[in-house]
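Next come two complexes, and both contain subunit A; in the first it sits with subunit B, in the second with subunit C.
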Partner chain A sequence: MKVAKHRARVGVVVALAILTLGATRSRAQEFAPAAPEPLVMGAASMLDQALAPERRAPELVILGGRPFGLAALDAAAVAAGLGWRSLRGAAGLARSGDPAIGWSTVAFAIGGATPGAGYALRVAARRDRRSDAAIAAESGAPPDAPPGTIATDLGGGTSAGVNAGGELGAGAWIAPGRVVLLWVAHPQLVTRGAAPPLARGLECGVAWRGSRVRAWLARELAAAPGGSDTHRAGIAFGGVDASAWVEARDAPLRAGLGVAARAGPFAVGVRVDAHPVLPQSVRFECALGSAP
Partner chain B sequence: MSLDSTCRAAALLLSSSLAGAAPVFAQCGAADRPLISEVFYDAVGDDSGLEFVELFNAGAAPVALAGVRLEAGDGSAPGRWSVRWTGAARDTIAPGMRFVVGGARVQPAPAVIATLDLQNGPDAVRLVWADGVSEVVGYGVQEFSEYACGTAADDAASGLSLARIPDAARTGSNATDFRPATPSPGRANQPDRDAAVIAGSLSIEPGQPEPGAAMRVRARLVSRGALGFPPGDVSVQLGFQGVPLLDRDIDARLARGDTLVIDLVLPAPAAGAGELIARVTAIGDEDSTDDRDSLRVRIGAGPLEVTEIQFHPAHGEGEWVEVRNGTSEPVDPAAFLYGDRAGAKGAIHGGAAPIAPGGYAVVAQDRVHWRAAFPGADSTRVFAVSPWAALNNANDANGIADVVTIRERDGTPCAAVPYSATGIPDGVPVERAADGRWGPDSDPMGTPLAAPHVLPPLARTFRAAPRRWRAGAAAATTLEWSLPWAAAALEVIAYDFAGRRVAVIVPPEATPARGQYRWHPALGPGVYVLALDAHAATGQSLGASEAVRVTGVAP
Partner chain C sequence: MNRGHSARAAAAALGLALALIGSRVQGVRGDPAEPPADAPEDADYDVERPDSIGDGDIEVGLGVVANDGRHSTQRRRALFRSDSLGGAVRDGAGDDLAGSSLEGAAAGGRFGLGRSMPVWGRGLVLGDPREPWGWRERGTQRRSAGDVLWYRAGRGSHVGAWAGTAGRKQPALGLDAGARGANGGVVFDRRGISNASVWASRESGGSGGGAEFASDRRGRWRAETFAQRRDGSARLGGWVRAGHEAYRGAGDPRRAGPPLAVSARADVPLAHGTRLGLLGAWWRFAPGVPGARATLEVQQALPHHAGVVAGFEQQHGTRRDPAVVGRPAPEARFRQGAWAEWHGGAGPVSLAWRHEFWGERRWVRGEVRAVSTARIGVESPAGVGVRITYAAFRAVSGEHVYLPELEADRLVLRALAGDGERARVELRGPFAGGMVEAALNRTFVPPRAPRMQWTVEWTRRSRLRREP
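Moving on, here comes the complex of A and B:
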């Protein structure tokens, strides 16, 4: 056990060093859980932010959502997680968006965790549901057709034929005394091929975990030069069987709320995020596995 | 001096009346002699050969003019008379006839051609008979009494003669006997029977009717003779390009001096441009020179059609009007004049003429600013107008803001398009749709030099097409919207997949209900949500969003 703890702490230090030095960009939201990270860490959070869960029991999670009320962005995913001693692993599949703009994702994560710390690496690969060539063929027009005459403009770009890409990310957390939790995550330290659907930056945060109340504060650095950092803060009430939470974000200022419930090995959660201009986003998850 | 002359004339009149004889006026001729009935001394432009003096014999017997002298007087000093013509033995005036002494260019040719070299007033002409009887016709403000019979007549404007009206008037004063009139050498100044069409009174409505459509023709007739016309003696005829359109009797009595408005509605003839002529015919009409009036008209569309009007520019481009060559032949815009409802007076120039058949051109208030606002447009098809007639932005009581007018240089109408500014969002041009109806432009900036965008009904509030493109693609994405109001203030903003605002695509501006915007995206790879936010003048608002994808390689 001492060996495992030692390995985990070394892993956290290494991960933090890598993340701090490589703070450039990160992206991917297919596996984002309904519950705010790192309120509950599991297979989804390991695939989404490379935050390895404390528990090692197997877990199966089904995720879905409709971002901004747009059916064209509907997403569904399945993720599975497993642990052995201090090692943690997760894998998942996801499909997002309609055929014209959507993509499919496969992701893997591996890491280590102890009750006081955790670290992981994540890898995700995406492929457009339709290639540029297929879209052009379906629209019946050549890629260089005049604007407005085809459903998809595929001409003139600098990435002709690139419809698949991948990313590598890492994350780590530490919980000294188990009440305070610090984490840092960079979902995309490295990207290759087709660009991800969203540029996400390095995130770091702190959480306070009481018996019935939990609160957190996180900051995500701007993903691109000239962008602005974003922040989120939340508070959750309840225990393992039932909980509710609210979370506020800035840029632009908005809020989300959610609830979760567990009955034996079954758990469900749902969250709604409001936006000052865009329609609401809805996300849900169903999990099968022992309580954390 | 004038008072002295008047007193002397009054004394003579009084003594003659007391004696029971016909009135006798000094320098005013004699009752049994022909009178000077018309003097034309100031033609428009060069007078030479156009001046004339007309004598009229109102008596019942012929009068010989042998030895009679016609003299010109210079009113600047006393006694400055010079002979211009002397009657020969063959010169005689028959009873009721006229004798014209004038230049070689007088039409009809005068009885005697002479160089009169008459001066503009204050001056005079004098007819001196062999027995010493003389008649003076003075004009202008005279300083010396010898240059007028009684009070001199008012000076006549260029192009008008001094005519004795009635022809046998003899009141003892040039001022009351003579008045300015259209020159009528050899003809009565005031015939007994003369029906005329008042020059310039002919008009049609609409100004450019379609073939076969109802057109309203108006003209004014006047009875200028000493006598009038009973009902049925007068008729009016209309013709276009030599083809008779109408011949109608006037059933009303036309008394002396009466004016009659002719108001006729008839189908417009076949398409074409030419003269519409209104002519009056009257039984016993003694003067045929004033029987007609004409108007350059066009039936149907002209060579240049007005297709788009920017009357309230909001982007510094200045006012502009798009025209289209609707013919099968090239058209040179320089052959036309541009203007507003006050008339077409602006010369069209610059640009690369001619306009090809079916081609478009723009006449702009300011070519430089227009080209800056439309950098991608073909500037060779942009023409300047001098002077530019500024177009109104607000409607008048009739619901018309202004009328874009184009005429050929000979005055023939080419196009006259009234427009209403009501309901047109600020800065948005008005455009003629394929069905001929005018309305707000589908593109807030307009579609100059291009055919109108025919926007089919949109089943959704907001749409982007295409929804997917490569980063760096040169082609534009078209954003379309369909709002439940006539017009609205609208903006479109792009948010990234995390809901963060990343770009303003369409800044807040007034737009028509159905419209589109050509957007050249500059977003990096990613998924974006385009959010449309529209507000009606009533305070209602509406939002809609569309997901789009920009593909590209990861940096």
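Moving on, here comes the complex of A and C:
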């Protein structure tokens, strides 16, 4: 029993260290679409980055992934989006990680879009999958601690934390002339409660969208004091039916690549991100909805 | 020493070269927002927005402000203007802009009352002298403190008088007269004549020049001459000041400025929607207390009402008179800065992004402050608008970042220090026959807890009389 508890603690510490040190730069969140924003905007991008899609047709998306090759961090999500006139809305549910270190997420986004412009607000709430009692028992917190507040110092300290949190973000994009796309998004404009698993900062980006080639450049400000800003640049080839892309990031320098295909209302996409230290991350996406 | 000397010489040479061209530039958008030198370094600075009411308009505003997020204070204001009378009243606890002013026409001349201050010539005696380092003419400067009553009659020739405190604690009286562009004035206080000034100017179509010579009762003097030229949308200007460092005018002594200064500015359109802005200035408060500033800024207009701005600047020395602030000037202060800005929009959405960073070594190395700002605005056809502004800033100890924030009746230069972020959400919409504007600010500088501020202001503008 003691060994199992020790293993669980070690697993939690390792996973949190990876999330803190490595994944903060990966931008991968529960609803992050496999394809970069300049290529496709949909329900997933609205929940992830508050970037509302121009199309208003309903969409259902299933997302999944294995960050850094860790089965303990496996994630799955389902998202749905809908539009009416210029209004756009999306909702999603996600579950990340195994029961020992994972969390569940519910997210909503509402916004608007017109030809050439879109904007949205997103709200996400998370809660650890472990029960308060389980974590309290591990951390030594008093059993009568109020629900939702538990000791998170797994090193044996007594600092009290919370096992639930939320965040609010906003984003907007414009496409003057349709060829150039510019976006500004801050998914975590305000956070409350437990810190989100990935700290995210303000992102500004610009993309050029040709008929068969697309290229983009984005800059994300450091989400925490003392951190460094990150940049990413990518290029994609192909059209609506099939496309492939590569993307490079800095801090630390790494790359990712992906492919996407569409047949009628069905679309699939896969993305693989390399990391100089950690194993590869894989994300996939299946969508049901009309073509953008 | 050599670096400071060479930079000073370069700035002076640039300033003189541009001064020879002769011009005045009202301001280039995009340059870093900063309060005037007389403002406290670590405090927010409020300045009135340019009055936009027209003849026959009256504007009433009510507001509630909570600078600590909890305890609110009220603000009230009323402005009106007719063809012969205009006035403004502002009231509010702790409001830097509180006060009243009245201006109008009476008995063949014009009069003013309250914080409405007359200006003599270049402001060496009465008014605010220009800051050599400033892009704008008092663009971010409040009206002088103190109340005065003034009257001026005549057109080609005139006589005028004023009485009041004019920024000083002691009351004073001023008389001035002029004809054909040449003017003279004398200021009296309890001890007799305190200042005297003669000035002359000639302007036509935005081009011209002039000069002022002023002296105090001890014979200490200050003189300033300027030239400006406007050719189409190109504006060039420069001015030179010289005088005794202990000279003080009748106005606020904190705004006396440096006794030795040369400043030149240019705003020149180039081809394909490009504009070039230049500023070169050198000044000296006292021997061994110089300062210099050189700025280059390029604006490029883009399709769909978008635009980009990029600039580079070098600063030396101080802008604060050691005799006024009561402490020695920092030695050999050197700063280089650069900024880039983009703004654009499509449909109901507008976006803007700006990045600015400053270093204490050449080529903007040794970062001392940096700020990145992004803004999202959404406007509905019904007049409801939402704007979200997010800024991430870094400033080392002793440095401050200023973020400009527009409120219903003022521009606030928000002073921020440390390494943190500021988010601002603004809502605007029609309400009760007017417009209501609400703003919520959240400033977070770890490890301190987030600081909330909010304002709600309602403004209604109406006509004093109906159109025929």
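The rule is simple: the second predicted complex is superposed on the first by the 236 of 292 C-alpha atoms of A that agree within 3 Å, B and C clash if a C-alpha of one lies under 4 Å from a C-alpha of the other, contacts with A are read in each partner's own complex, and residues count from 1 in each chain.
Here is the rule we go by: a contact is a pair of C-beta atoms (placed from the backbone, for glycine too) under 8 Å apart; a residue touches a chain by one contact, two chains touch by 3 or more.
Since this is a predicted model, take the numbers as computed values, not measurements.
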First, second, both or neither for A:Q29, with subunit B first and subunit C second: first
Which superposed partner A:G264 touches (first subunit B, second subunit C, both, neither): neither
First (subunit B), second (subunit C), both or neither touched by A:A175: second
Subunit B versus subunit C as contact partner of A:F68, first or second or both or neither: first
Which of subunit B and subunit C A:A194 touches, first, second, both or neither: first
Which of subunit B and subunit C A:G112 touches, first, second, both or neither: second
First, second, both or neither for A:P225, with subunit B first and subunit C second: second
More subunit A residues in contact [subunit B versus subunit C]: B
Shared contact residues on subunit A - subunit B and subunit C: 224
Subunit A to subunit C touching residues, read off their complex: 112, 114-119, 170-177, 182-184, 186, 189-190, 201-202, 204, 221-222, 224-226
Residues on subunit C engaged by subunit A in the complex (per definition of touch): 303-304, 306, 342, 344-351, 353, 372, 374-376, 378, 388, 390, 392, 394, 419-420, 423, 442, 446
Complex contact set, residues of subunit A against subunit B: 25, 29, 67-70, 72-73, 97, 100-101, 128, 132, 135, 146-148, 150-160, 162-163, 165, 167, 191-200, 224, 227, 230, 251-252, 254, 273, 275, 277-279, 281
Interfacial residue positions of subunit B with respect to subunit A in the complex: 465-478, 493, 495-501, 518, 524-527, 529, 531, 533, 543, 545-549, 551-555
